[in-house]
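Okay, here's the structure, questions in a sec.
When the chains are written out, they are named A, B, C, D and E in that same order, and each has its own residue count from 1.
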């Protein structure tokens, strides 16, 4: 038993440090697939790594002395929240830690005196405002199934989570879209700067602080996708496939939608997302009550 | 008729509340949404646009003065480079102006050729615009799709005269190149292919709800304002006005039974639809022109130096272009004044922007199809201040 | 320092600035990014933000007003950076030689590393130019490493 | 030491000190008196806290005195109403005066023994009041000097200011110790008086207006109290709270409790009674600090905390939670477009009070514990935030957070304290977030479909909360581009003492969240609650989740450290912002623009004024709030 | 249903439209206006080309029997080719190449 746990822990720790790397590959796949959907050839899969290494070696420009520290914190806390997830900790805590990471990014972008960065930061704030409730409600709905907020408990289920929470799963799609900064909700920034806000939140980052931000973003993506893979935790292989399918869906969505504004983002998540989750929870409770 | 000060319409200073702190946003000259340099100073309340002040002149090269310093024949190439997108029509208009002063009769076949190439230019330009517009509203895949299909037109250009952008087939007195039968067939084949591709994209532009959400009701330009502010081209036709210089029947348009595309929506969406429909219309016009084009010479050389003055209007993809050319019988012109469509659309643009959100800026700015390179003069906007 | 040079070679993020061109070259730059030529194969991203760009693509002859913008953008780009003048008029002013408001080539304002001919420069030429510029970037990178 | 004496001391010492200040009106004397009474107060509440619960029946002469003063008070309120021609005040004071007269002289009242019943809850409250309250009053010593200097007041009015400040502290102690409804009511009215007098202290038009608003809103609570007196008289023949609470849950008991909670809503500024607390920010900062953190608003919470165990599983309890949740969400959204620093703090207070109400309303052991935790953490953090806001305001001469841009450079010490306090309001692993966390856990485990609505309001509100704090934080941390260095800052001693005390408390309580739970909260839980919270040193286990604290602290420290070293090693030149290439050389704050002019960059884009317009929302939320409260009574009737 | 979906899926399933330039050199379209070359044995220094060139990229030095041509100024309009009576100028369909410096090409009659 004890050996088992320590083995798991070691595995988790290895996983934690691999998270940014996995994220990098995911972003590479993202760019390749996106290119293919646009009938282009696309960059090599390891392109994101080239980007980050290059950024690391650029001449350091900063917008204020706080900026690199906050960029580092963004990366660090994204990693922390993933670590908490990998170690099977409390879901709420994980979401709140993710909140710290986002706050770091936002503060770093808001306190540079650049109009684009500030507007981007504001919209990033609104993105948080739109997806955090959905995430929290997801955690709560998971609680209704497992009776605990601990991630570790999900693995004790005999049926995959998705069989209880199909609607919650759907509600996570817009969250993922927002998090990956994809159309239609790439309101605060997008990968390529074809945006009214230039690079939005990222406008004032450059060189190594941008590299840190990229790393943080990758980690965050991995963390969100792992959250999704928990929906089939009885067999993690399927879970990971599930996450990848969702990832693919998000990419397709990115390619079939124009960018909408933040109001419709807020509307979607606060109405459709939340209604889906609530409906699911109500159904869940109804099921329990019926059985009794 | 009462004269109204432009400032009355453009200056929205009454919106500005002095007690409030507004954001001041520089938009351009370097901005990823607008590949061309124009500076718009936005006064923004949160995200709502309160006021816009344009600053032009980043592309001002002094072409009009250049035209006076150049040999008048070289000006064909200079006017083509007022803009790379409508290069053909600029050159053709200039040639037409010179022909008019020097009383040169242009062969009928050359007229048809000019019509064909003019429409090909429009096709190229509108496709380019549809792509850029898609990109501006954040629809990258649509942008890629359209630009992929646009390559068909560029290849046609290349087959015609060896270059993708600058067709360089203008000559005073006719055309520099002819379209022979095999080329004609290629034109027909490729355009058919293009039409198919556009038909596939039709539902995206006509029916996609997200695009509608993004464009409908954005950048309203009412009929009256459109006329008053001097909007031209698809911008005014999207406001329900039947304004098109092609209606004058210059070149071969008189024989082609041409009817302008008009949409009544007064917003960015109808302006987009006007352009999309014009793509299809251009394909039709080219085909019709091929059917009617007579055999014959294409060039009627006349080396008379221009003497006297004239004006000429033609329809560019973005609207009406206006040339005033004056010569004194030497090889140098004394005046060449060009009024380009985007320059006349800028006041309308400023007017459209006010009251919308920052996230609508790309939609609205692109909806007039801003082509700054021909708006190359300094515009003073008088304000009521 | 090998990996760094390689990464730099593989990931040129470009900033495009229109310095008063006729649009011919600008649309060809965009065309280079679109499916037929797909510059992203080389990791090229049109980033739009000088602070994150490695390569400045300039079109147009530069005039008296936008020269300060050009200089400013150049200064806002972190080292190592390269400048590519795209099109005849960015190289020399070409057709605009007697237009009074032009400077005749952007190399009068900022140092240019690579000149791409053509009016308008074709996407192939632009890709070639960028590849050439990358070699310059590699040189700069190696020099920096020493 | 004699506990009775200590009780007398906690209530009497501040009151007497206040009287002393009132009479002497001298700078030095005031300083001595205030400091002494602060020490006395903190000391005695500490000793009391260690001593544990007991009951105490004072001399019956005091009953008469209380009656006398109470009538005087009501008459004074009536007079205020007449003076300012405010129908509401007149009516509401008459509505109290006449029934009280009737109650005492015609019905001859009922017994409510023991008059003082002190349990762990009261002691905890007393501890909070005395520590945070004293710190604020000490802070006030210096603040008021600056304040009067700033307003060019010749003849100091500080005597009456400190009188009411100290009186408020005394009355609050009386309030939390009383068991007799009548005494409770009396202290309640004193706090109303103090708040009214303090809010209108500056005597400006708006101050008086807001004072009156506070007065009538609080008087509504008073009327509710009078109603409870009658209910107690007619149905239970007792006005001792502990007895009534012990009774079987009959509809009448519920009605009684509902009326009490109604009173609590008014005092704790829940929607629709939020505007008085909002208006309180026109008062000098110590007043707002005191009202918002440890005294006034806590009175309402205390009342609900007291009655909550009796509410177990009732619709009333649920309605309280709903009111709280609604307030939490609305205030968070309203705070989004507030520009005035104290206004944001006020909304944040209202919201957090809502959160506490919510927790109490859920009424599980876990949520009750989290309510207590929130109460403690909120009092300290909010007190500190107000104090810092006051310091800044006296230096910067503006209340708008936009004008506080780059404060970290101008006032580094204060800003760092303020930033810490802000972080402690919404980020893990500080206590406030912990409270929120526990609340969500408790809510989820309550397993009612009806609690879904509350959860929803909570999660939405929680998202909005972080938005306005992050925005504010970013304003503070802007480092202007002109390249100037940090300025050193001089802070007077009384500021230093008060700021550092609270700052220290935040840090200690933040790092030792588990100890706070073990030492302060778990013992305070009412005996009928059994909770399985396991507050070990590493994390806090609630049985359904766990909140790691120490590892998180370590990680945060590590992040900041590594981030700092990295930024030192890599360095970097500070570059002007991206302005589409139109930067002006030499001046990073302007850009070239139209007509060859130069314009200043202005970025003020974070108040969402067009989207969440305050006025409309305020009206809407008030209406909704009233409806919810009406529903509350409706629920009780059923 | 988003209307673009069909196109996107179609693109994903069909090969990319990319020509893998520069690894795959496409065959130039006949008539492409590419780099210029002077056959000085034909040239009679009539200066026609210099006169018609819209961007003054050609300079003819009749005394030295030399022509200076600036490929970085040339528009590739082929006017010079069309106007050269001697047909001394030829164009190729290989486009001009980018370079580190603005080369000036000098053509001289071998004597």
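Definition applied: a residue touches a chain if its C-beta (ideal position, glycine included) is under 8 Å from a C-beta of that chain, and two chains touch if they have at least 3 such contacts.
These numbers come from a predicted model, not from an experiment.
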{"item": "Partner chains that subunit A and subunit D have in common", "value": "B, C"}
{"item": "Innermost chain, taking as reference the mean of every protein Cα atom displayed", "value": "A"}
{"item": "Most distant chain from subunit E by Cα centroid", "value": "D"}
{"item": "Comparison of C-D and A-C (more C-beta pairs in contact)", "value": "A-C"}
{"item": "Longest centre-to-centre distance from subunit B, chain (CA-based)", "value": "D"}
{"item": "Geometric centre distance via CA averages, subunit E-subunit A, whole Å", "value": "51"}
{"item": "Mean-CA-position distance for subunit B and subunit A (Å)", "value": "43"}
{"item": "Inter-chain centre distance, subunit B versus subunit C - centres from mean C-alpha coordinates, in Å", "value": "27"}
{"item": "Whole-Å gap between the CA centroids of subunit B and subunit D", "value": "63"}
{"item": "Set of subunit D residues in contact with two or more other chains", "value": "575, 578-582, 592, 601, 603, 605-606, 611"}
{"item": "Touching two or more other chains - residues of subunit C", "value": "17, 34-36, 38, 41, 46-51, 69, 73, 76, 95, 119, 122"}
{"item": "Subunit B residues counted as touching two or more neighbouring chains", "value": "23-24, 26, 29-32, 47, 70, 77-78, 139, 141-142, 144-145, 148, 163, 166, 210"}
{"item": "Pairwise chain contacts under the document criterion", "value": "A-B, A-C, A-D, A-E, B-C, B-D, B-E, C-D, C-E"}
{"item": "Residues of subunit B touching subunit A in the complex", "value": "23-26, 31-33, 47, 134-142, 144-145, 148, 210-211, 213-214, 357-362"}
{"item": "Partner subunit C, residues of subunit A touching it in the complex", "value": "31, 35, 38-44, 47, 49-51, 53-61, 191-195, 198-199, 202-207, 210"}
{"item": "Touch list for subunit B against partner subunit D, complex", "value": "21-24, 26-31, 39, 41, 44-48, 53-55, 380-381"}
{"item": "Residues of subunit C that touch subunit E when the two form their complex", "value": "35-38, 41, 84, 88, 91-95, 97, 107, 113-119, 122-125, 127-129, 131-132, 136"}
{"item": "In the complex, subunit D residues that touch subunit C", "value": "575-576, 578, 581-583, 585, 592"}
